[in-house]
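Quick one: structure below, then a few questions.
Chains: A, B, C and D, in written order; residue numbering restarts at 1 for each.
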């Protein structure tokens, strides 16, 4: 049993973390912070939690947080980096669901996030929390940078190909589609049901913040050699789910791609390589921490097409954060996440 | 640990039962039947279950079913009554999620369901599986008639008023709204996304099969005196959820209705009486077995308005069935159902 | 050809008015105002209008508005009453889609809208713009108070019964369901897709502003005698549409209700009485100015159930406003609105 | 005024054609056929048409069809080719919304559609009905093969680049997303709201029938030289709309792509080239015949990204069919289609 704090509990990644944590058998939820909602019972804002917790939001307070074994940050970028140094010093471990520690190149980070980084030394020691790549390092990490939602779906779909040197890396295309919860729980007109339902559109085509994150991960897999990536995110009229459709040119069309993927993920508890010829749907993983992947070639061509789906709020955020926590504290990796996805 | 069988595993109540049962710590899922899908892995049809079960559909076979401690029927009406007598004789306990054993008056049942009943003696011994009313009888029941979805939402909202004699019982109105999954997983044009989304309509206004079921329950609560009920179901463009808006004339406007409801359900693990003045939303209970209720009067009038929400597939079907199983076998009532609803 | 101005063009009723007006053969759209969007092309905000108009938003200016034959107000309550007196004095006719002139009793109005009324004399001369009731008066009106969306659906469904004295008027129930566009184009969390989709809930049960408006209309139909009305609005996960389910006790169950409704609306261009036994769906009228109505009794009971559907943005707002304009200026009543509803 | 017949009026392209034709000022709708619904009023099936037409479905009959100036086929493939020869002989002009006359290579056609073609001579004379390419030939065509929905969106987005020789044609990627109405009005489980909403998935990745159609069009634009195309369709949880995201490698990054597109479509009544840097949404064209296009490069790279949106039932089917009819009979090209898209 560990004491856990959550900084930033009013967004969708926050409530999703709470949904998992209130029934996690190894977690004592000690504090949930929100500056704006100080004193409000968490279950007033999220009535699904009424039967599960009486905790109230409180103003973030370093002293209280320092009594935790682990603190999750489910905050906009810029918040975690302000509080992390003190917590780390106090021996509190951190999983940041925001973007503060994901990009190793802090100059690049500043370019995309529009802020100067206040603790590059923590960026350096932070472990990028994709368990399928960094499981060993996560075990002992003080600070885990939980990956973004698109980067999780895209990397899991491309890593087996890049690690095995099977594709041309200069023309990779990641055409990604996300449910609206990816935009967060913010009062903006673009997220209204009347704006976002019954419609489909791309956004951020000139350049989206997850582009450098995906590239960094692919380059690591490519032995630190550059990769050329075009990443186009799209807004899809549904609440949850990411579908990444990934395209790359094969160097050699004789490889058994199905075997490559099955071998790569044979021991992964949350990656499900689907049978050849199938099409994973985002609803297969709705509310669960699974990633489903299928690999295709079209009409015998030399383009590999990978379909990779996750729930953006779970494997793309809160679930992966709990998976990282479980690894950090030596719990079974799926503790608290033993439920099938909700279908229909 | 008990052996459990499921007859009719290809519908939405079937897959919802499977979603709960595959992770229920006291259940060994022994057999899932489907005539049409004999030999197909269950997870081919429901890929959310891939990581959880390797079981395949099989043709229903009484011998195999007789090796179970409990058999669930998630079948259209008329199926359970054919197989129940033999199973009961063999000492197998039954929870029927269909309608075969819900109506005590088999003549009335035949009128609404268009079949002659083949085992009225089992109707007689069957216990109507609304735990909030019949918990004691359920404990020892051989056959539990799991309530319909609308009847669950409507009765839980009206029972406290009727039991306490607080309303005129001759003009009760139940205006109920259901998600589309209530219509089942059947290839019918009316259930297509292009027909049912972005639209709202009533159906069955001349008379719906749940009308006599609700009336029977209310009359039992009314000391077997007749009640006058108008029940109008509506199709709502969403997957899950029932919202019952219930209207009745108060005999006495001085009663503290909030207290009445809170007292009635004080010990119920799955009924959540919301604070006065609030409006429960169906999403508060999506994927969970909870019923949320709020009680209102408008502008000080003499009409009581009760808002009662459930997930039609959980408290309205599969979850209530598992709740009944838990009661029948002496497990904690929420075993296998300890997760909060999925929000958003 | 008339010159038309629109005050408040950035909301959903505003853009719906524009959608109709830009192709109305008798309308020259002279000015569209918005304080916040001064100088922005209207089609930047509403790209569906790109091929149809080059007009830009401008700050509201009485002098320009006075050059119009008709000014529509699609503004929050309180705006029209500030500008109306000057416009009326200048001979400009007004259709207010807001609530400023709907309630004849200004004290009652103030109670519900939280403002003192600044021009009761205009309330007095304003005509309530329900053509099915006030067509003659609308022809010569200077100021038309365009009805609210719920009041349109509810009144059209109840008026034939009340006018003919067929129901007990002390216990009428209007259970109404609206699409989310009824909440307007405002950056509020409650309207987000992730909050409002896949959920259904009531709101405003203690008392909603449309309650006094509906009551006023029903009382007028009841020869100015009081009526008892319970009105419960619900939020439905779709963009457009209102479904009113209306309940009342019949004085005499021998009346042919179908004939009553057909006779009452025989000459109405936008009211479609459906065949007996049918269930209108909101999608039947999506994007059109029609109201569809069906009348039922359940199992021969003495409760009449009326189902009344409209598109809240059209017959419930912009379309009815254009219908009123057409009446005021002697155009055919359906000018500019000759398109069938969009199905699917 | 021309006499028009419709063979196959019960699907979504059928009802969309009817929605346009019943208010088209130059059309007398003479006959609407359906074998299964002979004698049923069209408006019983599609109640949005109640106020607009009294026509009933009738069994297809060549004699009656021969009294038409134009016959639309909104039928599954294989139907039009059976009836076309006789109609053509009788001087009736045809617009086939199905696939029978789209592919010039009938051997290739047979491979994808699983039928032998019964009238290759009509395939030969048929004109592919993409007005932006074949307007002149359409004017005098006896048989117009109305393009598929994906092919319309994909070709309109790619033609300017290929015609001008600006891209490498061996690695084009068309990642396309469609609303569910593209699957037709058929009683199949996959199209149920409970299956298709709140989910996103690819389908037909190994090979979809629109692949050869798109390739044929691109190759024509490429002076009959081969192109390499990967086409992946996806099912999107909404009723209407197609979004094509198109990727190709530029030969020369110095070209002003915006100008190329604006020049190419300067005189097209239904193609709207959006400003540089924007993202068209499918809802901008919902219910209208417009195609909106935006051209992008990401971070100055050498991959051109084209976003192309249409309403699959309008510009992707019924609207384009009416546009073709208007061209064939010398009506203004937008006759009957002068309404803005419905937003929201």
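As a convention for this text, a contact is a pair of C-beta atoms (placed from the backbone, for glycine too) under 8 Å apart; a residue touches a chain by one contact, two chains touch by 3 or more.
All figures in this text were calculated on a predicted structure; none of them were measured in a lab.
Trainee: Compared with chain C, which chain's mean CA position is the farthest off?
Mentor: Chain centre farthest from chain C's centre: A.
Trainee: Out of B-D and A-D, which chain pair has the most contact pairs?
Mentor: A-D is joined by more C-beta pairs in contact.
Trainee: Hey, how far is the Cα centre of chain A from the one of chain B, in Å?
Mentor: Centre separation, chain A to chain B: 36 Å.
Trainee: Please report how many Å separate the Cα centroid of chain A from that of chain D, as a whole number.
Mentor: Centre-to-centre distance between chain A and chain D: 39 Å.
Trainee: Measuring centre to centre with CA averages, how many angstrom lie between chain B and chain D?
Mentor: 45
Trainee: Among the residues of chain C, which ones contact at least 2 other chains?
Mentor: Where chain C meets two or more other chains at a single residue, that happens at 12, 181, 185, 194-195, 197-198, 237, 239-240, 280-281, 283, 286, 344.
Trainee: Which residues, counting only chain C, touch chain A once they are in their complex?
Mentor: That would be residues 12, 180-181, 185-189, 191-198, 237, 239 of chain C.
Trainee: State the interface residues of chain A toward chain B in the complex, per the touch definition above.
Mentor: Per the stated touch rule, the residues are 12, 15, 19, 22-23, 46-52, 181, 185, 198, 239-240, 272, 274, 280-281, 283-288, 290, 292, 338-344.
Trainee: Write out the stretch or stretches of chain A touching chain D in their complex.
Mentor: 171, 173, 175, 177, 179, 194-195, 197-203, 205-207, 211, 228, 230-232, 234, 236-241, 243, 245, 247, 249, 277, 279-283, 286, 296, 298-299, 301, 303, 305, 307, 309, 344
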